[in-house]
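Quick one: the structure is below, questions incoming.
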Amino acid sequence: MDFQPSAKILDLTRRMREIVDNDIIPLEPPFLTEGFGAVSTALDGVRKKIKAAGLWAPNHPPEYGGLGLNLVDNGLVSEVLGRTPLGHYSFGCNAPDAGNIETLHLFGNKQQKSQWLPRIVGGERSVFVMTERDNSGANPIFLTTTAVRDGDEWVLNGKKWFITGAQGAVVCLVMACTDPKAGPHGRQSIIIVPANTPGYTVDKATPIMGHAHEGLFGHCEVSFDNCRVPYDNLLGKEGEGFRMAQARLGPGRIHHCMRWLGICNRSLELMTQRAATRVIGEGDRRLADSDIIKAWIAESAAEIRAARLMTLFTAWRIEQVGAKEARNDISMIKYHVAEVLMKVIDRAMQTHGALGITDYTPLSFFYREDRGSRIYDGPDEVHKIAVARRIIERGGRVD
Amino acid sequence: MDFQPSAKILDLTRRMREIVDNDIIPLEPPFLTEGFGAVSTALDGVRKKIKAAGLWAPNHPPEYGGLGLNLVDNGLVSEVLGRTPLGHYSFGCNAPDAGNIETLHLFGNKQQKSQWLPRIVGGERSVFVMTERDNSGANPIFLTTTAVRDGDEWVLNGKKWFITGAQGAVVCLVMACTDPKAGPHGRQSIIIVPANTPGYTVDKATPIMGHAHEGLFGHCEVSFDNCRVPYDNLLGKEGEGFRMAQARLGPGRIHHCMRWLGICNRSLELMTQRAATRVIGEGDRRLADSDIIKAWIAESAAEIRAARLMTLFTAWRIEQVGAKEARNDISMIKYHVAEVLMKVIDRAMQTHGALGITDYTPLSFFYREDRGSRIYDGPDEVHKIAVARRIIERGGRVD
Amino acid sequence: MDFQPSAKILDLTRRMREIVDNDIIPLEPPFLTEGFGAVSTALDGVRKKIKAAGLWAPNHPPEYGGLGLNLVDNGLVSEVLGRTPLGHYSFGCNAPDAGNIETLHLFGNKQQKSQWLPRIVGGERSVFVMTERDNSGANPIFLTTTAVRDGDEWVLNGKKWFITGAQGAVVCLVMACTDPKAGPHGRQSIIIVPANTPGYTVDKATPIMGHAHEGLFGHCEVSFDNCRVPYDNLLGKEGEGFRMAQARLGPGRIHHCMRWLGICNRSLELMTQRAATRVIGEGDRRLADSDIIKAWIAESAAEIRAARLMTLFTAWRIEQVGAKEARNDISMIKYHVAEVLMKVIDRAMQTHGALGITDYTPLSFFYREDRGSRIYDGPDEVHKIAVARRIIERGGRVD
Amino acid sequence: MDFQPSAKILDLTRRMREIVDNDIIPLEPPFLTEGFGAVSTALDGVRKKIKAAGLWAPNHPPEYGGLGLNLVDNGLVSEVLGRTPLGHYSFGCNAPDAGNIETLHLFGNKQQKSQWLPRIVGGERSVFVMTERDNSGANPIFLTTTAVRDGDEWVLNGKKWFITGAQGAVVCLVMACTDPKAGPHGRQSIIIVPANTPGYTVDKATPIMGHAHEGLFGHCEVSFDNCRVPYDNLLGKEGEGFRMAQARLGPGRIHHCMRWLGICNRSLELMTQRAATRVIGEGDRRLADSDIIKAWIAESAAEIRAARLMTLFTAWRIEQVGAKEARNDISMIKYHVAEVLMKVIDRAMQTHGALGITDYTPLSFFYREDRGSRIYDGPDEVHKIAVARRIIERGGRVD
């Protein structure tokens, strides 16, 4: 066993960290109090700088303009970028684009790849359209939006919600039922729908945690009303939608975990700095002089360390045995890292006192926007039950 | 010992509950997605109805139009009103007005009472102006806003923040340093400043949890720039500010706890209803069929029960021995109930899945707006340290 | 609502507390390191003193020599006696005798009462024989020990385990299947078996937490091998065993909770005293100077307070509406108080460092012997599921 | 980064696992109910078999008969041996011998090594004599046992406690104050005292968790009463005792963590098997059918995984940068793994119901004997405070 990252990735992350600290974090205050619109122009400049520095799209295929890092190195990158809510967008590796690029790259045909990958890897935005309000998101078997073949076309009808970043995206990957009579895992297909297709409407952003965010950070309701696209917009084969979603969501979960580690690190830094500087009593006594705060810092550091190693181990294992074989590993980091994340954010917030609940630090944003970490891509409880079922089948072995 | 509430209070809370359920909760959806402005006119109507029904201002002095309930009965009322963020406002017993009325009633002279109490008890809004950004809110000793006597007038200068409800309020109780050379507990006085006094400015609402709320729910920065008021606007005696704030904050904390119990009850109801109705799998299997959800419901019920009894006990004890003697009791409910509150909200939210983080239920509002419960009126940690110090002094006895 | 205990019970508990502190706690060191045998003679003297002082058997019927306290007052007594493992035995109200007395008093006929109650209330020991190793103890439906009628006699056959205090007891209440074909709740009956009946054998004490305790504290395996007793030894009616066990176990659980509160109080006292005296560093710095220890003390105090009020409330409610109607209340204190108990013991132990795991304080005894609190009389999880099921049926209401 | 263990260590641990499962675990039942004496002869046979198989003393120097594994591989071994309380003893790598061997190997002179290392590596037992009852064990500065030079001899006087395995050991490494006037870290020296030296007495085993264990598992009080040994029995230099203890305790802590991982794995296996087989209701419903139990299994698996990787990472880091530089890493696993350990044992015990608190599984032994994990080698809180202090000094960086 060797825990030493390569010199190459250490250099890469060092350079990325400089841009995060010097160019992106200074944009947080207007972003946090005025919204994404207040910084989008400035971020365009940052993105150009990053492209020029050869740091763009670290996880994406080199043939389309990315750096093509493996999953472990990608984890090391992502914990740097995740330190700010604007990091992944700035470096061209934001969700859901990252997952869409992977899905198109794995399952798209030549034409589909050449049409969309350069644009999305290049920085235009895409969406993944799966979740429905009245059907448990944890189980794509029950989705009811339909795509019916009509000659050379698909006709889509239905409503979806929680479609992240729908406003301003140029293309959708849509999960739709193409054969309601098939077995539960063969009913769905994925169809590529350009955003300007008639019949496709982005209805509104769902108000979440007090905000109906615009653009990138909004989670929208969208509808398909006799929306027609060519039959050839089918991704992969008919009835393979569920399988492709699984292939996508598995590694997708690890991307979240990697990003959360960045949030954890940032929160620990903020907590430590606040503790070291906040005077709380006579004789220049500071927060850091209280053992309660010290215990929070020490516990957070250990939990982050453990979560980080488990995430990197899982990345390594996915590369060794594939996402399917590493299902337990992926599920375990999903719920374990999400729990660590929420604990660390909470302690950092409490350490800041009243300042912690204002928007003058990113902690309040993390607290609200990342509460979903324990819900999206399958609630923690669903993953726990699945992991336990497999461990029981194996008589106590985890893998 | 007798745990039986009186028939009178049971009748009162039953009638209040009907109004909460039938008239106020239906106003939550626009409030949660559009803000207070969207419902303020409708709430004016509800307030009239409540006044007409003889249910207005349950905790306030009868001579100024309230019902004059004792603290235990007030707790039973507050857990009903707290079920919705709009409850206390609708019934004329919202913070900070409730605390200001108590403070004026306890320490105001005849003229001050007759000038302000009828207006505030009647429904106009007031603010309590204490907290400063750069000085630990937990310790009013260090506040730096000054009031200097100039003949028959006070001249106030300084900046404050986290002034809840400053927009639209008609009068302020301002904590200001009147004698910087006095002992630490004798430096501050409280001065009454009408909101239309020149030199007093409500600068802006601090953005908190993503929102710079307007009106009632906003926490503002305010400034005093050579702001002059008559000397007779002094509340109580010079140098008594700290003592009066303590007298106010002690029982003030229990008002928060009582309200939180309402939030807990509502969250448990929402969690239970969601669990009973949300289909999660084949064969009509529901969330409530999972023992994990059942354990959350059962743990929440027990924790709420325990928190409730401890709060009512503390109310009873304050009435028996006074707030000062009941300091430990008050501190204990402050941190204990706040912790239960956050746990129950969190479980309810998780039970709702993606819906839980939207603004289509009040849970997301509770999660954000009540995170401050562990911070305001003294962070939990400050209270724990104070309680433990007294227990240690008493050799292990709590009271 | 009135939280004031009566003057009578305050006087009674004050006198009991003196005996606990002055006569019983000094016997703990030999008990903890040498076992019950080392103190049994001394305890006989203490029991005589208690009888002479008119404090014997506080919860038992006056007509058989007890004080006949109601359940709330009994709770106030039990938290005093529970401060030491020897308290309830010394005062003649130990489990399982307490439950057996209640059961005999409720369901025994005149002859059975006059034969056994004076002896057991007087201090001889009895056992309740229900649990079987291979059948879930949480569900008496599945028990397999049988009692077959043969003329004027019952013939018992089967094995039981976890029979507390079997060594040295004079009589058993035995749960046995008298009609395997009856409905699930009608199969069992309770039969009185004198300990000297041929065919009844106390096999051995099950080794638990490193000890096969003798006498009072041992949990034994016992067997019935064609053990014959008169038919009239049937308690209540045939097939009523399950119903009588429920009637017994309901209030039985609250007796445990009351005793646990005593353990909690004692642990908090020990923790506080240790914190106040243990020097940990230069300048006479003590454990109590660390905010971590202070937080433990404060959290424990609040949790104990909450658990105590919930237990007393449940006692009051059982008296108002009966144990069946108060099922949810009883289950809630069962799992809530047990959890508080284990947390408080654990913190007290950790505060003592290495001393905490030795037998030089009672903490190690509490830690081991009361771990079962979360298991016996129904594992916490079983109670949580039952409570939640009822809350769900009631649409969110707890009672 | 490469998480793949070498083929050599995989083969080694596979062979060790076979012996643990087939030869040692079958000895647990008599050990758990009758004590070490009941299995010591059988274990002698197992030890011979292990020596013959070339698996003896995996972590010790090859020149004295060990396998000389590096620290990472040693971790992989230890999590296999730790599955039973008898594992490390059987394989010749038990505490405190393991630490004593390391200390002698690092700091002993030629004569000292040749005299003692072959005997201890060969299987005779040794003790480390440091802790004193009235002085905080976390801080060796305050120890009061003295060693005064008298010509060619040291004369030792004082009392120690918690001396693990003192009965039957052949030699002691004694921490004694040789210069009370030196700076706090220069007062202590380590002196080798053969167990048969006059004036050295093993007084008694301290009763811990209900047992004054004999031999290997006993923690004894010992005394030095004008105990004389040659001056040359000094280990290293005068005044270096504290420094050598630090060098020893650093890696010593990781040995504990590695062993705890074995306990965690075993507990998870037992919990899983119990859940899969225990019938709890009608229709053959089993414990494993409850989502509560599933959640416990899944959470335990994730926590063990995280703790394991953090332990192996720390082993790797100690090898890269030394124990001093890796202080934070070592402290973090000390408190993090100990906490995981106690949680996993507790869940496994609860899953077993009444059986879990008996001595018919090793869980009750783990629960009692490993509660000390959060106390020995420095209470968790001391480590947390030390870790936080360094993180604060580094402005938020952990290492």
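A, B, C and D are the chain letters, set down in written order, and residue numbers restart from 1 in every chain.
In the analysis below, contacts are C-beta pairs under 8 Å (C-beta built on N, C-alpha and C of every residue); 3 or more make two chains touch, one makes a residue touch a chain.
None of the values given here were measured: they were computed from a predicted structure.
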Practice prompt. Identify the chains adjacent to both chain A and chain B in the sense defined at the top.
Written response: C, D
Fill in: Farthest chain relative to chain B (centres taken as mean CA coordinates)
D
Fill in: Where chain B and chain D are represented by their mean Cα positions, the distance between them in whole Å
52
Discussion item. Measuring centre to centre with CA averages, how many angstrom lie between chain B and chain C?
Written reply: 42
Item to complete: Starting from the mean Cα coordinates of chain C and chain D, work out the distance between those two points in Å.
Response: 37
Worksheet item: Which residues belonging to chain A are in contact with no fewer than two other chains?
Response: 290-292, 295, 381, 384
Fill in: For the chain B and chain A complex, residues of the former touching the latter
32-33, 131, 133, 136-139, 161-162, 206-212, 278-281, 290, 292, 349-350, 353-360, 364-365, 367-368, 371-372, 374-376, 379-381, 384
Response to the item:
Residue set of chain C touching chain A in the complex reads 290-292, 295
Discussion item. Taking the touch rule as given, give the residues of chain C at its contact with chain B in the complex, in rising order.
Written reply: 1-5, 72, 268-273, 275-276, 288, 291, 293-295, 297-299, 301-307, 309-310, 312-313, 316-317, 320, 328, 331-333, 335-336, 381, 383-385, 387-389, 391-392, 395-396, 398
